[in-house]
Structures are given as C-alpha cells and as structure tokens.
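The first chain written gets the first letter, and so on, giving A, B and C; residue counts start at 1 in each chain.
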Amino acid sequence: MPVDGDFLREAFRSMLRARILENKLSSLYKAGKIVGGVYLGRGQEAISAALGASLIQGKDCYAPLIRDQAGRTAFGEAMIDCTRTYLGSVEGPMRGRDGNIHRGRPEMGMPAMISHLGAQVSVIAGMLFAKRLKGTLDGSVGATSVGDGATSTGAFHEGLNLAAVEKLPLVIVVANNQFAYSTPNHRQFACGDLVERASGYGVVGYSVDGTDLLACAGVVGEAVKRAREGGGPQMVVAHLLRLAGHGEHDDGSYVPSSARTGHYGRDCIEVAMRQLVEAGYATVDEIFSWQEESAEEVQKAVAQAQQEPSPDPYREDWTALSTKFPASTT
Amino acid sequence: MSVTYIDAIREAQEKVLREDGRVFLYGQDIARFGGAFKATKGLAEEFPGRVFDCPISEDAMIGLAVGAAIEGMRPIIEMQFADFSSIAFNQIVNQAATHFYRTGMPVPIVVRLPSGGTPGSGPFHSQSMEGIYAQYPGLVVVTPATVSDAYHMLIESVKLDDPVLFFEHKFLYRWLKAKSINGDGLPIGQARIARPGKHATVVTYSAMVHEAVRAADRLQADGWEIEVVDLRSVKPLDLDTVLASVARTGRLLALGEAFPWGGVTAEVVAKVTEEGFHLLDAPPQRLNARDTPVPYHPKLWAAHRPTPESICEALRKLLSF
Amino acid sequence: MPIVPILMPQLGESIAEATVIRLGVAVGDSVKTDQEIIEVETNKAVMGVTTLCDGLVAEIRALEGISYSVGSLLGLLEVTEEEVARTGVDTLESLEGKKNSQTESSSVETENLHFAIDGDSYEEDPSIIPTVKGLPVPTGVMGAHYISPRMRARMDDMGLREADISAVAGTGAGGRVTVEDLERFLDYLEAWPSVAASPMRLAVADAMRRSWTRPLATVGLPVLLDRALEHRRAQSPKPGLTLYLLRAFALALKEQPMTAGYLIGEKVVHPRSFDIGVAVQVEDGVVVPTVRKVDQKSLSDLVSEYDDLVDRARRRRLTEDDTRGGIATVTNFGTFGLTTGTPIPLPNETLILGIGAGVKKPVWSDQVEAFVPATEAELLLTFDHRVVDGGGAGMLLKRVATLLQQPENL
C-alpha cells in the first residue's frame, strides 16, 4: 500500500518520542529511581509505531504489549501515563497498583496487559465482538501485538482461532525479535517463518522487515485497511532484533554478534530518518527540532511524576471488588 | 407443574436476555443444541444473534468476555463443565479478577460452571472448584442450593459489576424440583438458615445443603436439633450468620463436596475459630470429599463424597464431645 | 426359566428420568442381544433401550408417553440358563439376592433419592467411613478437667472458677462439663437461697484455690508443751504459745533454709529474711500478718510486735506491707479446740506449720518412775511436695519439736 508522507512523519515522531522516553527510563532505572523492571522497545519502534499510527483512537481498540512504547505514543497515550506508572505516582492510571508496561486505559480502548503472554488476543477479540453486537463496529478494528515467544502459548492459539471463527477485524502483529528473553527462535518454533501459521488459522498473513518503517507502514496499513473492510483477522509478522536486553536488568549477552551486525541489527530509527529525508518528507533540521521537543517533553513528564505523591497504604480501600458487600463478609 | 433447578437457570437467562440488551450468552454447544445440560434450550431461537456457539477455547472465551465487558456488555459464559475452567484459569484469576483493582474499571462477567459430582462422571466432570476461585481477590463466587436461589442469584449475578463465578450443581439440575420459583429476597453475600436447630451447626452450600438436611432429619429421631446454614455465596462469606448460629449451638461442622485440603470448609473453620473461639464448646470439624480424584464408579463415588451417613456420623461425634 | 429385568438406563449425566416414546416389542416376541426394544426420550436426546441377552419378552410394564425414573422396571425377559451364563446378565433372582445383602436398601424412597442410586449400596452402608477425623476425647478425671473455649468464656462471664464447676457431673466426652451441663447447673442453683460472698471470703477462696494447684502433703508428730507452758508462766508480759512456735520455726528454718524455697519454673527461690506469717482468724476469713526477722529477735522482744499485729488484724487495720514478704506461716488451730488438721500454705509459700490443742495425757517419767500428766499437741507441717520431700519436712518438724523443748533458748 502506498504510504502517505504525513503518516510517516507522524509515525516517525512517535518512534523518536518513544526512544527518547525509554532512554530516560533506562537511566532512571540505573539511578535507582524505578522500582521493579524497565522493559524497552528499542529496535521495535518502526513496526510498533506503524501499527499505533494506523489506528484511530476513539474508534479502534489496541492492546499494546511489552515493547510498544512507540505504538502507545502513536495511538495517543499521554507520556505522563508512562512516567507516572513507572515512577509509582498515585495520579497515574494504575495508581501504584500495577507498574511499568502493565498500564492501560480500557475506557479509551487500550486495555492493560497482564504478564501472561497471548492473553490480550482474546480480550481485543471480545471488544470487537461487543462492538459488533452493539452495532458500533462500523469499520473499526482491534489490534494487538505479541512477540515470537507468545506464539507458542495456548492463549495465542485460542484467541486467534476464535477471532478467525468470529471473523473479527483483528490485526495481530507478531514482532519476531529472535529471542524470547534468552530463548532463540529455533527453540521456540519449528516452522520457517511464523507467517506460515496464518493460513492454518484461515487469516491473512504478511511478512515484513521490521527495521524498515516504510515497509512496515505499507504492510500494516494494508492489513488494517483489509480488516476495516471486513476481511477478518490479519496477521503481520515483523522480522527484527531487540536492541536491548529483555529488561534493563539484562544485558542481552546471549545475542550473538553476528545478529547484532546483521541486517536486522540496524537501528530502525536511523533507517527511518534516512527514508524521511531522502523522500523529502522531513529535513534534518526538522528532525533535530523534534528531537529537542521530545527531550523537553520527556523531562517535563518525568519531573511532574516525580513530584507527585506515591500511594498511601493507609488510604487504600484494599478491595478488589467494586460491589460494596458488608464488611463482615470479607 | 414443577420447576427444576436447571429450569430456573434457563428462565433466569431468558429473563436477563429479555430485559437487558447488554447480555449475551457465549459457550460450547449452547446455541441450537441448547447446551450440554439444556440450560439454554430455545434461547438461541428466541434471541437471535445473542446466543453463540464457540470453539473449545476456554481461555479465549473468558478473554472475550472481559473484552466485551470493557465495551459495556454483560456476557454470560457457559463452561460446559466447571472442570474445564482450569483451561481458563489464567483469564479468570489474572485478567478478570484483577481488572477492577488495577484499572478501576469493573468487568461484569458471569461464568456459569456446572459443578459437583454425579454418578459415573469420573475425575474430569465432577469437580467442585469454588474454593480455588474464592482464594483469588476480585471474584464473587456463588453456590446456589435451591431452585429459587438458582434463579434469583443468576439474575443478581448479571446485575453485579464484578466477575461472578456461578457454581451450579449438576446433580441438582433435574433432581431438585420446586412447586414454583419464589424467593425470600436474600441478596448475594447473605447466608440462609436452611433448617433451624440448637445442638450443632452445619455450615455448607450447594448440593450438600440437601445432604445436611437429610442427615439432620435422621438425627431428629434421636432428639438432636441440627441447624443447617446454607452459605449461598462462598465469597463473600456471611460470617455473621455463621457466628450467630454457632453462638446458638456451640458446635460447628463445616461441610463441602470439594477436596479436603484447604477450601471453603477450612475457611469457615478458620474464621469461626478466629472470631468465635469463645462460642465453641467442641473442636470445630470439617467434612469434605476424600483426597483423591473423584472416582468413576458409583460405589466409589458415593463413598468419596460426604453422604447423609457420613454427615450423621460426623455430627454424632461432634454432639458426643 | 430365569427372568431378566429391562431397566430404565442412566442416559446421561444429570438425567433423572426418560419418557417412553415407543415400545418396539410385545409380549411373546423373541429378542436378540443388543436389540433396541424401547425408544425413550430424555430432554437431551432420543435413544433406544437395548437388551443384554437373547430371550422372550415375558412382560411389558412400561406405557408409551409415560416418564420413568432411572432404574425403573420397564419389562421382563424370559432367558435360558445357558444364555444367562453366556452373557453374565443379572436375573431378577440374583438382583434380589444382591439387594437383600444390603441393609435397608429396600426402603429407599424415590422422592428421597438425591444422590442415591436405586438398588445400589448407597444407603446405610456401614463400610462408608467418613473422612472426618475423630475428635480428641478428653480423658482422665471426670468433671472440670477439660474446659472448652465456650465454657471458659461463659465461666469468665459469670465469674466462675474451675472449682466452682467441680460440683457438676459432666455429660460430655470423658465426663467433661459441657456448656449445657453448666447452664443446667446454674438453673438448678437458682432454686437455692444464696447471698453474695464477702470480699474477704472471695480473697481467701482465691488464695486457697491458687495454692491448691500444687501437690501439697502434710506430716505430723506429737509434741509435749509442758516446758514451754512452764516457761511462759514465768514471763511478763506472757508470750502466746503461737509465738513460741513462731520462734522455733524461724530458728529451725534458718538451719535448713532450702526447705522454705519456692519453686518458680525451673528455679528454687530461697528465703532472703526469716519473716514468718501468723494466721489470724477474723470475721468471715483469715488474714496473715508477717512478723519480721523472727530469727533475730528474742521472745520478749517479739511480744508487743506480735500483739500489735494480731490486734490490728482483728480490727482489719493491717497495711499491705504488714502482710507482704513472708516465707512461711504458722497457724494455731488449737485455739479452736481442734487437735489435728491439714493446713494449706499461702499460694506464694511452700510451708505452713500448724499446731493443735494441747491435751492432757499420762506420760511415763523415768525420773519418778511413774506415769505423770503431760500436755501433748499435734504438730503438723504442710509442704509443697515439688520442693520438699517427706524426709526434709520430717527433719524440719523434728527440729521445731526439739526447739520447743528448750524454751529458754527461744
């Protein structure tokens, strides 16, 4: 599918904002400011942003996963939601009850992921199913992403199969970053390319170079378009390499240098920048100014979240139910 | 004309489908076939586009329900057997149960779980899993024992904003009949005195309520008056009613059909010991199924679970203390 | 010829009954093994009831359009002996035999079935052992040995002690007193006249109850009082006999202080000072003022101190200090005309020394080689057997008796 210049600028800006934000998160983690883990999407920004930017907030729903900061940003998540959640501000969407990438705003069509991989596939399917029942589907789509590891789960299989049976407009992006934590592809699956599975599910499959924004935008755009038009679930497999550890506690030493120096070891942001400049969609100066704006935005979001109160255990209501049952019935 | 327990469940679903446009039913074999137990018989025809057959994907069924609830719907999911909910365990306890606490948005889903033993059903079609789910925060776990409760509590479950696990006992489906559906208006979270008494209290739920009442009837011949408390919902657990009963009797037997390690009966005993130690005139007792998988053969099965005989024996021991 | 029953089968889980739609055979028809002979409908499906063996239809009991519960007799087949042996089917006769071997299974009521299976051994099978664990039955003494949490709470509520319920014969396991027993006892007491016990009475009761938790034993020997009485007559002011005893006790204890040791956990606490209490009967009770350093004071020194304490005790004017810190007690119940008794030590003391009334007795005198009248009294020592044994207690008692024979040294 031909790609619009404005779309590319938008997607690229999301990549840039995500990268700068995540670099900051990494440094906050290393400074001991973040408790728990920090999980980065470095190297996966192109495919993630291509998906997020293809969706329409308020109409579509999107369940981002662990390495989707760029997709979240492109979909419209406020940066402050991220910093508040990572830094444990009580003002954040999770109010200190959950952290880091486990955040979401279901009311804006972006459910909060759980750690169990593949579990969001059926949740997005359910949101689409409900929209259809309510009569509000109206060309909207639902999207989620998973990694190569999640494709081995029963939940992924059940969810994708169910979405196919229900013919739901689901776009599922498989970011094959070659390692599930430390486990390489050959210990994860035995088919040549995960996209081969698409036909088994009866869904349309696409394979794309995940380090190439232009290609990602074209393929994801096509998949989203076909889903909107009633073509049923679409499965995009993006080939790339995670340019960070599983989390910031992990140095990724198990990634061989051949992979780092190979084709997928290239940085998608540099690739995208060249593509934008060469095609005349943006100038280098413009990109530098975006970079400065983003750095400032990140700094503000971090500063604000840091000044906000953390949750107070004495003021928590400590209930997991919204129904108020009598206290004696704990 | 009489109404069975399963009639009541079907009627309740018909009523909520008719009165609440947000409700839809999703489960295996529930549309044209009417469900493995016929709990949805005729509903697909009566409510076109609102009762769906689904793939054998328990995990995805609950995931779908959570997604639909986020979108404002009130799905009722039928597990063909409660036993199969183990496949959906992750979505139930991690997705549905944590959703309100994490995001502030409740997910009103009802999961119907045909539960408990029937002769010849064996290890994988007989389980009582209420205790496992009650252990997780964020779930309401109900266990109706009567035809009217099956009806009213299912309707109330759909109205609750929280995920409800609705454990319906397969044995009661057709064995249990009532002249008509009526109700004493008790809400979920309140127990009922199924049979008043003064010498000992049996705290139980679901099908075991009837077994306890039968045991109590037998002991009446010897002059013992046994009080039977039907918990109705195991979470929330109505400790007030339980303590009030133990205050009357001083003796407690917690009775359940589930496996003996932990579970609802253990929770009842723990809570009563914690908050009503001074009420106990005898060590509180538990009676559960045996600590093996539920056996297939009816003879083994009948000795695996509590029966009026074993309940009587447990009560006699308790009464003679 | 053997008769084989045709029964309504269990056609699915939770199926209690099925309706006969069509009878495929009539009386006199011959049927083959596995032949579908009766068509029945459950709310799940339409199915055929099959035969288990070859035979002749002897009787059809089922009617079309009628619903029968699982296990109901639908008809009978006449089957040859060879066929029964070949197929191993149950005949009516063998089924009866199986039924009769079970207790009470014939009284199964269909409306009371619940989980029972008709004809199966569900009902009243003695081999069904409940999984409930046996309750630990309190064993040992009858009565108030075991007190349940509820009994304890109820007793606290009523201000009752274990001693108070010793009058109740328990009906619980091992004769324990149940709450019901207690309530019955309290109801029974209602019918009796009663008054509130005085604070003094309650204080004595409490002290005695606490003391009685220990293994107490009493030893005694007769002692002649003539020398002491003679010595006393020569004194002015005259010390009481109790004072002689007090002084003799203190001197004896000073020689064997371990005897008055007090056991706390795994430690014996020894006397620090020979302060000894004296039991004084007052209205509705007993008080025990303490005489300080009895070992260091002579009899004449002690008289006024002793008289003052006894006087104040009777007028209830003792201070808390006056009754504190004793290591043992002396009681002279001879003043009530009693010759013997088993005194109980204070709960915080190991020993109590008692003396009965002097009695005139003929005693052989080597001096005059004849029986002479003498005054003899019982000297009794009660001790905590955890601390002191009979031998130690006896030695102490003998020493007191010897000292009483030398009043000039007291």
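Before moving on, here are some points about what is shown:
Methods note: contacts are C-beta pairs under 8 Å (C-beta built on N, C-alpha and C of every residue); 3 or more make two chains touch, one makes a residue touch a chain.
Values in this document were obtained by computation on a predicted structure and should not be read as measured data.
Taking B-C and A-B together, the pair of chains sharing more C-beta contacts is A-B.
Farthest chain from subunit C, judged by C-alpha centroids: A. Ranked by how close its mean Cα position lies to the mean of all protein Cα atoms, the top chain is B. Subunit A and subunit C have centres, each the mean of its CA atoms, that are 70 Å apart. Distance between subunit A and subunit B, defined via averaged C-alpha coordinates, is recorded as 40 Å. Residue ranges on subunit B touching subunit C, taken from their complex, read 6, 37-38, 41, 118-121, 125, 170-171, 173-175, 207, 210-211, 214, 250, 253, 260, 277-283, 285-291, 298-299, 302-303, 305-307, 309-311, 313-314, 317-318, 320-321.
Interface of subunit A with subunit B (complex): residues 93-95, 97-98, 102, 104-107, 111-112, 114-116, 119-131, 133-134, 154-155, 158-159, 161-162, 165, 319-323, 325-326, 328-330. Those residues of subunit B that touch subunit A in the shared complex are 24, 49-50, 54-55, 57-73, 75, 87, 90-91, 94-95, 97-106, 137-138, 140, 160-162, 188-189, 236-240. By the touch criterion given at the top, residues 10, 13-17, 43-44, 112-117, 120-125, 127-137, 148-153, 172-173, 176, 178-179 of subunit C touch subunit B in their complex.
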